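Both complexes shown next keep subunit A, but they swap its partner, so subunit B is in the first and subunit C is in the second.
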Partner chain A sequence: MRENVLLSNRITLWRVALLFLATLFVQPPGSLAAQDISDLAPAEIIRLGEQMYLKGLLPSGKPMQAYVSGDIPMEGTSFTCVSCHLHSGIGSFEANIATPPTNGRILYQERKPYIKGFENVPSYHRYASYFPVRPAYTDETLAALITTGFDPTGRSVLKVMPRYDLDDRDTAIMIAYLKSLSDQFSPGVSENEIKFATVIVEGVDPAAVAAMLLPLENQINRKNSQALTYQSSPRLARMANNVMGPDLGAKKFSLARWVLKGAPETWRAQLDAYYRAEPVFALLGGISDGEWEPVHRFCEENRIPDLLPQTDYPVLSNSDWYTLYFSRGVRQEGEAAARYLHSMYDLFAGRAVVQVVRDGRVGKALGEGFREVWATTGHPAPVEIVLPEGEALSGERLRQIVAEHKPAALLLWDDATVLAALEGLPDQAGRPGMVIASSSYLGKEMWNISESLRDLLYLTYPFRLPQEEGRFDVALKGVLAGKNPSDYDQKILRRSYIVGELLSKSLVQMRGEYYRDYLLDVVGMMADSVFPLYERLGFGPGQRYASKGCFIVQLGKGANPQLERRSEWVTQ
Partner chain B sequence: MTKGITLVILCMAAITGFSPNRSAVAAEAPYKRTVESLSMPDVVLVNQKGEKVRFKTLVESGKPVVVDFIYATCTTICPILSAGFTNLQRKQGVDSAKFQLISITIDPENDSPPVLTEYLERYQARPGWDFLTGSRADINKVMNSFGAFFPNKMSHRPYNFIRTNDQGKWVKLDGMIGGRDLLNEIEKVGVK
Partner chain C sequence: MGYPISGRCGVALALVLWGTAVGWLPPALAAEPVVDKKAFMVNDYRYEPPEGATANLDIGLSLCGTRCHALSENFASYIKPGGWRLIKIAGNVTIRVELNNPFLGGQCVCVGNEYKIDWYDAATYRDRSEIRTPAVE
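The block that comes next holds the complex of A and B.
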C-alpha cells in the first residue's frame, strides 16, 4: 500500500520532470496523447471517457488515481471531473474558486483576458479575468495538463486540480471525450430565439392551467418586449448588454403548449411527436393532477431539462438529472411527520403509533413517506389501517381504533371528511396526545377545523406560513396586473412565478453557453435566495428536490385563525 | 519508466533550478494560520447514523479534534477538504479512532443522515470521522461560534479548525492545504 503510494508519486514526478525537459529542449512528447485508440468504436470511446468523467472509473473499471493539494492521494470514486467542472464541462464557481471550462471547444481556443464579442459586459469581463491567459491546447499539451498539472504556458495550475495518474491510452480516451463534451449548442436555440415548451395534461382544471401559464407567459412577454427595444433603441440595448450581454439581449423566447391527451401510456408517443415537430431547449413548469413519470422519462432519455413541473408525484431518483422538482411531492408531508414524531419519541413511553391511510394515490403516498422514514429511525413499525376508497371514516370506527391500540400519536392520511369523525376524540379516555393530518389532503377545509379539535390536531404544512408570505405580494402583483387575483390558485401561480425567476436568473448566468446541461449546472450553483411560497428552496449542485422542508402547524384560536408553527422547517 | 531515468531527470531538474512552484504564473495562495478563542455552543446535532450528538461533548471529549464545514453536493472545495480528512485517517492508520474528525454540513436541508452516510462511504471514512447535521438554527449557531457563518452555501470558505490543549483556543487554517502541512499543523498543537 505504502509502496504503491510512493510508486505513483514517482510516476507523477517523472511526468512533471519529463514535461519540463520537453518544454526546455524539444516538442512535448507526442506519445502522451498520440496513442492510437482507433481500435475502439467512437461510441465506445465516449462511453469510456464519460465513465471517467462522471464516475471516476478507468476503462479497466478500477478507480482513477490522482493527487490533490500537492501530496494527497485520492481515488476517482470519491470525486472526479464532474465534481468540479460539472456535467456540462463549462465549469463552476464556488467559494472563490473558479473551475474553468474543460470542453474541447473552449480548451482548443486561445484564452484571452476577455471574451470576444463580450468585452464590455461586466459579468463576462469579471469571469474572464479569473483565469490567466494561455494558448490553445493541443492533444499533447492537454495530456500534459491532465497528468502533470502544467498548462501550455508552463504554469503549474492550482493544486485543487488533481494530477491524474493516467496511462497514455486512457489519457487519449479522456481527451476524445472532452472534445465531444458541450461541443455544439443544444437544440432549440437559434441566433434570434430560444424555444421552450410546457406540458399540460388534459383534464387538469382549466383555472389551474391558467394559473400555471400566467407567470410563465408574463416572463416570456417581458423578455420579448425587451428584445424588441433592444433592436430599436441603442441606449436600452447598452443597458441590456450590461446585464445579459448582446447575445441573450437580442434573443426572443417562445413557449409552446404540449397538451397530452388520453392514457399516460400514450404520452410518450405524443411527446416524441411534439419534439420532432419543434425541438425545444427546455421544458418549463408543466402541470398534471396525477402521473408525471412518462414526461420525466422522456426528458431523461432525450436529455431535456424540465424546470419545476407541478405534480404531487415526482419521480424519486438519486441519479436522474434532467427534471428539477419543487419537492418530493405530497409524500414529503408523511416524511416530515415521521421526523417530527421521532424527535419526541422518548415521550411516547412505548405506546404505539397508528397510521390510518385512505386507499388512493394521495393517502398511499403520505403513508409510504411516513413508513419509509420511520423505518430508518429504528422504532417499532406503526400500526396501519387502510380505509377503503369512497367510504368515510365514522366516529365510531375511529373510537374503536383508538380504544384498541391506545396510540401515543395517530396519523390520519385522509381528506376533509375525516374531520367529522374526530369530533368526539378530545373527550375519549386514553386518546392519543396528538393527531396529525395533511394540510394538502384536507384542502381548504383545514381552515374550518372546529375549535374543540385545534389543540389535538396537528397539520403537515409544506409552505411558508400565509401570514409571512405578504412580502411577495408586490412581485406577484406585476404578474397579476389587470387580472382578478381570486381567479387564480395562489399556490400554482407562485410556483410558476418561481420557474420564471429561476429561468431568467440562470440564463443571464449562462454567459451565452447554451447547453442544456449547463442550464442545470447553473441552477445548481444558484445562490440561496428567497422565493415565494416555500420557506426555503435549495438548488445545490445536483439536488433535484428543491424544497426539503415542511412545517408541523396547528390552527390557532378564534374566528379568523392563523397557522401556528410547532416545528422547524426541517427536522432531522 | 525506470528508476534510472527518473533520477537523471530529477537531477537535471535540480541543476536547472526546476521547481513547480517557481514556474507558477498565478501563484498558489498559501493557507493562512491564526489562533482563535472560540466558545462552543451547547446544541444537539445529528450524526450520519441519525443519532443525537451533544456537540460540546463530542468536541470536548479530550481527543484531538479537527473540524471542517462542508456539504454533500458541494463542488471543488469540499472534495478537497474531505480528501484531506481521508488522508489524515490513512496516515493515522489503526489509531484513527483516537482522533476525532468532525465535518459539519452547511446545507442541513439537503444533508439528512442517509446523505451523510453515503458521503462518508464515498470518502472511505473510518470510525472517528463524524458528519453532523441538525436544524438550520443550530447549524447557524455552530457556524457563528467558529466565525464561519456562510449565509449562502455557495460562498463558503475552506477552513480547517484544530482544537488545541489550551482551553478554548483553536488553530484556524484558511485555504487549501496539503496533506503534510495539515499533519504538521496538527503535530504542532501537540497531537501525535
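The block that comes next holds the complex of A and C.
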C-alpha cells in the first residue's frame, strides 16, 4: 500500500515536472500576449469570453478541453470557471475551501497576506491569509496559468484547478474577459452611499405596502444612524470597523420607491425611466398582487439583483440569475400535495385521485404543480375537473363528483367559498379519505373551518406553524417599536424583515467588493440561517427559490385551534 | 386531543388531576398543571397495526414518525428574558397515540424523555414578553 502511494507520488511529480518544462519550451513567453484580437468588437470579446467562463464553450461553440490533475482529459463544460470562481469572479469560500479571485483587477495586483487598509479587520485578515503570496500577473503569466496550471511563482495549481487546452487567440479572449470582470463597482455604489430601490405595483393594499416597507426602511435607517455614529464616535467606529471594515461602516444607504402604474405591458418603460434617473445597486423586496414577470425581465437584462420580491407568481426558470424568490409560489403547495399523497399511494387500493381546479391564476398554478409532480410518480393521472371562473361549487355538484369517481383523495384548489360545499361531505357514503385544500387560497377563512370538517380536510401550509413562530417576535419588536403591531400583515412584515437581514449579512461578507454578481454569489454561499416564517430557507449556489418546502396540516379542535402537522416539511 | 400516558409521568399526572378534582391540592398547584412545566422529546417511535389486520408497516412507520415528532416540544419557541434549561426527569416514557390516518388504522408508540423546564430568574432582566405581535395566519 505504502509502495503504491510512493509510486503514485513519483508519477505525479514526473507529471508536474514535465508540465513545467512544457511551459518553458512549448509556450514561449510573450506569444500569447502578442495574439491580436482587435478584429473583434469589444462587446463581442466580452460575449465570447463570458461564454467560455460561464458555459465552458470555445468561441467556435465547441466545448473547451480541460485536463484535471494535469493530464486527465475532461470536457470544459463540466469544469467551468464559474462553478468555482462564481459569476463575479471574486471567488468562493465554502466549507473552508477558498477559491481565489479571478477578476483582472485583483489578478494584476501583487497578492500579500493581508488586504491593504483592512489589516485590522478580522474577517478580511482571515480571508487574505488563506491564499499564498504571489507577484502580480501579466498577460503572459496568466496565459501560462490557464493553459499549464503554473502560477508566476512556479507553483502548480493542478490539484485544485484544471488546465485548459486553449489556442493563443482563445486565451487572449479569455484574458480580455477576465480583465473586464468585476472591474468597476456596479452602478448605485459611490464612495459614501449605496442606493437601493423597491418596486411597488399600484393597486396593492396600502396596508400591505406599509408592512413591506417598514422592515426595509427600518434596516436602512439603522444603517444610516450607524454610519453617522461611525463618523462621530471613534470608539464605536472601531467596533463597526471590526465587523464591517472602514468602508461599509461609513457608507449610507438609500431606498427609493419605484411605483409601477397601469398595465404590466407599460411597466418596462417605467422601470427604465426610474433606472435612468437614479441607477441602483439592487432592488430589495417589492410587492405585487399579480404580475412580476416584467420586473424580472428588467432585472435580467440590466443585471440588477432583486432580493425576494413578494409575489405569488414568481418567474420559474432554471437559468435566470438576478431575481431571488422566496419560493416557487402557490404552485409549490400543489407540488407538496402530490408528494404527500405519493407517500401513501399504496394505501389507496386503486381508488382515484380527483383534482378540482378553479379556472383562475391561483387554481391553475396549484393544479399544475400537483399534476407535474404526480406525473413523475408513475401513478395514474388524476381525474381533473375545472370549475369555471365565477361559478361557485355547490354541495350537490361536489356530491356528484364524489359519487361518480369515489376518490381516495380529493384536491380542491378553490377559495374559501368551497368550504360551504364541503358541509355534509363527511357523512356521505364513499366519501374520500381526505380532502386537500390550499391554506394560501383559503386565506384567513381557514381558521373558520367548521368542527365537522376538520377530520376530513387537510391543508397545504408553506410556512412554519404559527405556534412555533413566537421566538421571532423578539426580533420583530425592534421593527415594530412605537407601532401598533396589529396594523401590519405579519407574513408580509416577516418576509420583508428577512430581506433586510439577508442584505446586511451579505454586505458584511462582501468585504467591500460592491459588484452585483458578487452580492448574489455571497447569498448563494450563505449557510442556512434560521429566519422568521419559513421552516427552512436555503440559498445554495444558483438556487433561486429559497423555501422549497411545505407542511400538510389539519386544523385542531376547539374555538382557538392550532395547526397540527400531518407531514414533515415536504420538499422538492 | 387526549392520549394515554404510561410510565412515572402518567402516575404523577393522574395523581395531580385526581387531586385537583377532589379539591385537596393547594390552589397554586391546581392552577398550574404539572404538564405545563414538562417537555416531552421523542427519540424513538414504532407503528403497531390493528390486531388481525394486514397493514403496510413501512408506511405506518413513516406516518408514525411524523405523528410522534409532532408531540415533541419545540423548545426553540421558549422565549423568556432570563433564559431556561431542560432538566431530564424521566427517560423512555411511552406515549401511545392513534395514527389518525384515513387509510391506515393502528397506533403509534412514541418513546422519549421528559424534561422539566427550569426558567432562570428573570428579575434582573426587563421582561418584554407581554408585548406580543399578532399570530401569523
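In this text, the second predicted complex is superposed on the first by the 534 of 572 C-alpha atoms of A that agree within 3 Å, B and C clash if a C-alpha of one lies under 4 Å from a C-alpha of the other, contacts with A are read in each partner's own complex, and residues count from 1 in each chain.
Quick note on the criterion: a contact is a pair of C-beta atoms (placed from the backbone, for glycine too) under 8 Å apart; a residue touches a chain by one contact, two chains touch by 3 or more.
Everything quoted here is computed from the prediction, not taken from an experiment.
K.L.:
For A:316 in the superposed arrangement: first (subunit B), second (subunit C), both or neither?
P.N.:
neither
K.L.:
Scan A:542 for contacts with subunit B and subunit C and give back first, second, both or neither.
P.N.:
Only subunit B is touched by A:542; subunit C is not.
K.L.:
Between subunit B and subunit C, whom does A:392 touch in the aligned arrangement: first, second, both, or neither?
P.N.:
neither
K.L.:
For A:68, is the partner it touches subunit B (first), subunit C (second), both, or none of the two (neither)?
P.N.:
first
K.L.:
Going by the contact rule set out at the top, does A:477 touch subunit B (first), subunit C (second), both, or neither?
P.N.:
second
K.L.:
Could you say whether A:556 touches subunit B, subunit C, both of them, or neither, answering first, second, both or neither?
P.N.:
A:556 contacts subunit C only, not subunit B.
K.L.:
Please work out whether A:154 is in contact with subunit B alone, subunit C alone, both, or neither, and reply first, second, both or neither.
P.N.:
first
K.L.:
Name the contact category of A:375: first (subunit B only), second (subunit C only), both, or neither.
P.N.:
A:375 sits against neither subunit B nor subunit C.
K.L.:
Tell me the contact category for A:92 with respect to subunit B and subunit C: first, second, both or neither.
P.N.:
Touch status of A:92: first partner only.
K.L.:
Considering only the contact definition stated at the top, list the common interface residues of subunit A for subunit B and subunit C.
P.N.:
Residues 568, which sit in both footprints.
K.L.:
Enumerate the contact residues on subunit C facing subunit A in the complex.
P.N.:
Against subunit A, subunit C makes touches at 1, 56, 59, 62-63, 65-66, 69-70, 74, 76-79, 101-104, 128, 131-137.
K.L.:
In the complex formed with subunit A, which residues of subunit B make contact?
P.N.:
Residues in contact with subunit A: 1, 3, 5-6, 9-10, 12-13, 16, 18, 20-21, 23-26, 28, 46, 50, 71, 73-77, 79-80, 82-84, 86-87, 107-110, 112-114, 122-124, 133-137, 151-158, 176-180.
K.L.:
Any idea which subunit A residues touch subunit B in the complex?
P.N.:
It comes out as residues 10-11, 13-14, 16-18, 20-21, 24, 68-75, 77-79, 83-84, 86, 92-97, 99, 132, 149-150, 153-156, 158-160, 376-378, 524-528, 536, 538, 540-543, 548-549, 568-572.
K.L.:
Touching residues of subunit A toward subunit C in the complex: what are they?
P.N.:
Interface residues on subunit A, with respect to subunit C: 343-344, 346-348, 408, 433-434, 444, 446-447, 456, 463, 466-471, 473-474, 476-477, 480, 485-486, 490-491, 494, 533, 556-557, 564-568.
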